[in-house]
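Here is the structure we will look at.
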Amino acid sequence: MIYFRSDYSQGAHPKVMEALAKTNLEHTDGYGLDEHCQNAAAMIKDLIGIQDCEVYMMVGGTPCNITVIAASLRPYEAVIAARSGHAYFHETGGAEATGHRIVAVEGVNGKLTPELLDRAWAEYEDEHTPLPRMVYISQPTEIGSIYSKAEMTALAQKCRERDMLLYVDGARLGCALTCKENDLSIQELAQLCDAFYIGGTKNGALFGEALVIKTPQINDHFRWMIKRQCGLLAKGRLIGVQFEALLEGGMDSIYFEMAAHANKMAEKLRNGLEERHVPFYSCSQTNQLFPVLPTGVIRELEKDFFFYEWAPETNGMTPIRLVTAWGTQEAEIDAFLKKIGEILG
Amino acid sequence: MIYFRSDYSQGAHPKVMEALAKTNLEHTDGYGLDEHCQNAAAMIKDLIGIQDCEVYMMVGGTPCNITVIAASLRPYEAVIAARSGHAYFHETGGAEATGHRIVAVEGVNGKLTPELLDRAWAEYEDEHTPLPRMVYISQPTEIGSIYSKAEMTALAQKCRERDMLLYVDGARLGCALTCKENDLSIQELAQLCDAFYIGGTKNGALFGEALVIKTPQINDHFRWMIKRQCGLLAKGRLIGVQFEALLEGGMDSIYFEMAAHANKMAEKLRNGLEERHVPFYSCSQTNQLFPVLPTGVIRELEKDFFFYEWAPETNGMTPIRLVTAWGTQEAEIDAFLKKIGEILG
Amino acid sequence: MIYFRSDYSQGAHPKVMEALAKTNLEHTDGYGLDEHCQNAAAMIKDLIGIQDCEVYMMVGGTPCNITVIAASLRPYEAVIAARSGHAYFHETGGAEATGHRIVAVEGVNGKLTPELLDRAWAEYEDEHTPLPRMVYISQPTEIGSIYSKAEMTALAQKCRERDMLLYVDGARLGCALTCKENDLSIQELAQLCDAFYIGGTKNGALFGEALVIKTPQINDHFRWMIKRQCGLLAKGRLIGVQFEALLEGGMDSIYFEMAAHANKMAEKLRNGLEERHVPFYSCSQTNQLFPVLPTGVIRELEKDFFFYEWAPETNGMTPIRLVTAWGTQEAEIDAFLKKIGEILG
Amino acid sequence: MIYFRSDYSQGAHPKVMEALAKTNLEHTDGYGLDEHCQNAAAMIKDLIGIQDCEVYMMVGGTPCNITVIAASLRPYEAVIAARSGHAYFHETGGAEATGHRIVAVEGVNGKLTPELLDRAWAEYEDEHTPLPRMVYISQPTEIGSIYSKAEMTALAQKCRERDMLLYVDGARLGCALTCKENDLSIQELAQLCDAFYIGGTKNGALFGEALVIKTPQINDHFRWMIKRQCGLLAKGRLIGVQFEALLEGGMDSIYFEMAAHANKMAEKLRNGLEERHVPFYSCSQTNQLFPVLPTGVIRELEKDFFFYEWAPETNGMTPIRLVTAWGTQEAEIDAFLKKIGEILG
């Protein structure tokens, strides 16, 4: 069985495993107060070119998203997100569990725009309506598209104009940054938003994300917030050690090498599917593809390949999700394309 | 200044005031455990023809909605509501404050349909998505339309099929029940849903709503829930006394007389506006009308009349809301129609 | 049956009823944005001698307490209160429902002291422990005692030292202010705390409390908080109208007259019980008395009088609560003392 | 610097690291739906002798505690715990963040008793008071003591009598089970409670706890609860793989070997301290010791050893916490005893 199911179906990059093995018997302080976490944080501050911020080593993406939301907002305040955004669509109401509405907006190819934010604000009235105060986006989006520098800049400007915080979910940030069409550097991204995270789980870590928060109001007692939201890892250093290994070398690190590889594999797959005139559910530029196939074809593919159906069947066609990752091998792409070629004839 | 701003701009029907005055010096037990509340509950059970239910005297509509939501759902469960529904649109995230998402759906003339519920369910996946478990509707809706017997029956059936609870916000229930086009009796409504309330605030009470809950799972420790949600009134009898006065005589009570009057005043107003070819934002059958007028006309009207603008201006036209109530006088309608006639020429 | 069960067993003072009747047919704006609420707020600002504050007309005491807690604290922050304090003991976890712990401390005669606050702080560590940030007290306390000027001043000073907010629940504030032993004026109280409320429900209103908030951080979007906590009354003016009637004349108003009467009735009762050597559960100085009686005696008394048992039986003795109010008549006290005299022999 | 600071200052047992390395490149399904998690769950069901239960692989102890509390209780229900219990004392109000009070009770040597539960219930009244519905204990307790079979049985019986759920935090369960004085087997423990967890983080795992839930009401949609509480790990198999390695061989596995070693090291340390007549803050039977030392002595010790101060100084004496673990070496104990011998003279 070949896996295109997710970018978290394998363990970690061998260098990450090595680093964990090498530091295994060290004694350190707990809860992320150790030197590895501090060192990883310093590496990240250098990478993004901002020293005046805090970096937190978090267990996963949902803890990042929900803890930031809970730490940022007053009780009556709300988040605006695309309907397809992870925090709305795939976190089981974790945001609402902290008391905050996510105002869900139909995105444009998975993305929010200044106009969509204005439209959401048009529904805001007064003390009878939750007050939008944060914008949640993902880079790349859940459906693989990326914000250009111009798009992200316009969004950030609208946020400042409306007095809203801008938060960027970077679960697959590596794939956005190494995407051929990308023109937004990590330094620029960091400048434009209030907080974002560099995802490890979906790019070669065992687990863990590095959350960067610039805005003092969010940083205020943020470690209290992590603990309250059940996200403070006792052996917090495990995340620091992994990010040290992932980011050694900065833009030349294995972190970006792995992401570039995932993109390259996705491109090969996309090209192969396009040659066979397979339509796509979204216009993805990164490591997730959403081909739309006859349901019968999907049943055949499922015998050899493992992937998700992404949306309900319409007129006999069903969108599936194919994800490539750092561990995807060219032969696996070939096998998929060969098989689909055989089925489609 | 003539008020068409709301159906809660005046105090209570004189008979309600009389009842409060008459019972003022009685000593009773607190928190709704008195004989007036019990008597009002018994009157309501008779009125709806269901004895096997509980009736709670609540301070207001938002406390009804939010307490029922909080009492009904497990933490990961969600409510489906029309985007225009009060619990979504005008309660400042009170539902989310109890940890629950409201999945907002564009309604059809303010109403949900079985198809819309199916579509909301199509987005439900598994443990990563909040589980829809309650449907919130208003009868009449926020924009004045009513569910016919066939529509409400179909909705209730879909709810049972999907294992969802059906809750009906009856803030203006009197106006639905006395609407000329209505074919759904209060007894039938009560049969079809799990819980609903008979609104007092917007139909001649000082304040207070009578919440009827049939389903044992919601009734379980419901008084604990009322208190926890800050809604237990010390002199709870005040609500019981008012409902005794409002509902004396059942379908011939002042409750329904007042609602019928409000509808009649609205009809006169609607007819007058239609004669002047004023378009409407929604197809209202009850005591709220939403004419769409040139913004300049609105500025003129505002000099003599007090009302809300309902939605943002589009192409120079703005929808306003005109509300009639038990205390609206025919001369006030005449004055409005005369004025608008003068302005429109 | 004679009621010593609570100070909310009757309706409102006749002058309150008159004011409600007189204004009943007025049309006003809703949600407390009317002239009566504004006028009552202005009267209260004059009464307390502070103009730079906000006054909110609230439906009840629990909504005051919980909304203030929710509006004041960041998610990881906690309240310190006496174990007997209303917000801890009698609000069904309403504070926890907003996500905040109440650290319960055994009070000294129902009161907190600077030493008790220090002791609570000694348990505070770091990000693993909720951070105490508000002190909740009642004046008078739940068991009838009052804070002297020196005690309240010391507490307020400790709060400032520890960077904690001080909130005073004034459900029975009138009885504290008119208590013979009281040396703390309402102006001084208002100066010492961040927020407090003047209770109406337990002192001659139908319902309603006037909440005074001085501290900008709590006032920030407080009306959004009221709505979110389900406490915004549609006909908000009802509370304004009542407070206009209650406080007309300031310190010579019926508000203080009623409270003084309740205290006087309690004093007569206390004297009578002391003459009969009845011991007391607490040292009450106001309108609630907690005599401890043989359980058999209580069973006899219950035949003619209605009151609460206050705490579990110990060695055959049970504390009861006797409450006097604005409507308590001297003859009712006489009847009670006569009866207890007969029983005790 | 020698660490007695915690039992989570090192990484994992070499066999755990090996298992992670060996399985690293396997592709599996995410979120704990893989074969390693299923296999570990089956091993645990066999170990505890109960097949009719669910086993969840959780990221940490706080996620176990808080998710179980949130999944078990209706909104108005509360937990009873010892004041020193982890869920009350060291989780930053995570329980309150889910809306539930923890009623904190002074324990007896860190333990709850049936009498203490009865006393907590004596404070429960009616709809004005949160309803105690779950008892939270730790085995061993936070201060190192263990419940005997008789004690745990009596507590479980009281819980059933009061219709309360019994939950056991087993962060250091291995140390309880391998303690010389222990007479309560894991099978018996599992029989007596509704849910408990077998702690990995503090006994040789990188991270992870195996949560066992027997009671259907808690198991209902529990994976939804894990996700909502931000605790669902993408590469969930990491925990399964670790528990496979930890528990291979059942009672003869490295899990119990490591715990026994930690206890043995603690015993040596305790004996050494007792010989020097050092008093203890609590009567610990497991791997945490709480000697009380002159603060000056502590300052000396801190130069070579790393540990926590546990409680505020009293009369010049301060309790500290010394923790041994699977990686503690006999020479480290000797060094500590030697040093303290030198200081105390």
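A, B, C and D are the chain letters, set down in written order, and residue numbers restart from 1 in every chain.
Here is the rule we use: a contact is a pair of C-beta atoms (placed from the backbone, for glycine too) under 8 Å apart; a residue touches a chain by one contact, two chains touch by 3 or more.
Keep in mind the model is a prediction, meaning the values are calculated, not measured.
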Top of the farthest list for chain A, CA-centroid basis, is C
Contact tally winner between A-B and A-D is A-D
Indicate the whole-number Å distance between the mean C-alpha point of chain A and the mean C-alpha point of chain C. 51
So the centre of each chain is just the mean of its C-alpha atoms; given that, what is the distance between chain A and chain B in Å? 42
Inter-chain centre distance, chain A versus chain D - centres from mean C-alpha coordinates, in Å: 33
Where in chain B do residues touch two or more other chains at once? 75-76, 91-93, 97-99, 127-128, 130, 224, 227-228, 232
Looking at the complex, which residues from chain D come into contact with chain A? 1, 3, 5-6, 8-12, 14, 17, 20-21, 23-30, 59-63, 66-67, 91-94, 97-98, 201-202, 206-207, 224, 227-235, 238, 306, 327
State the interface residues of chain D toward chain C in the complex, per the touch definition above. 75-76, 78, 89-93, 96-97, 99-102, 104, 122-123, 127-130, 312
Across the complex, what residues on chain A touch chain C? 31, 70-71, 74-76, 98-99, 127-128, 130-131, 220-221, 223-228, 232
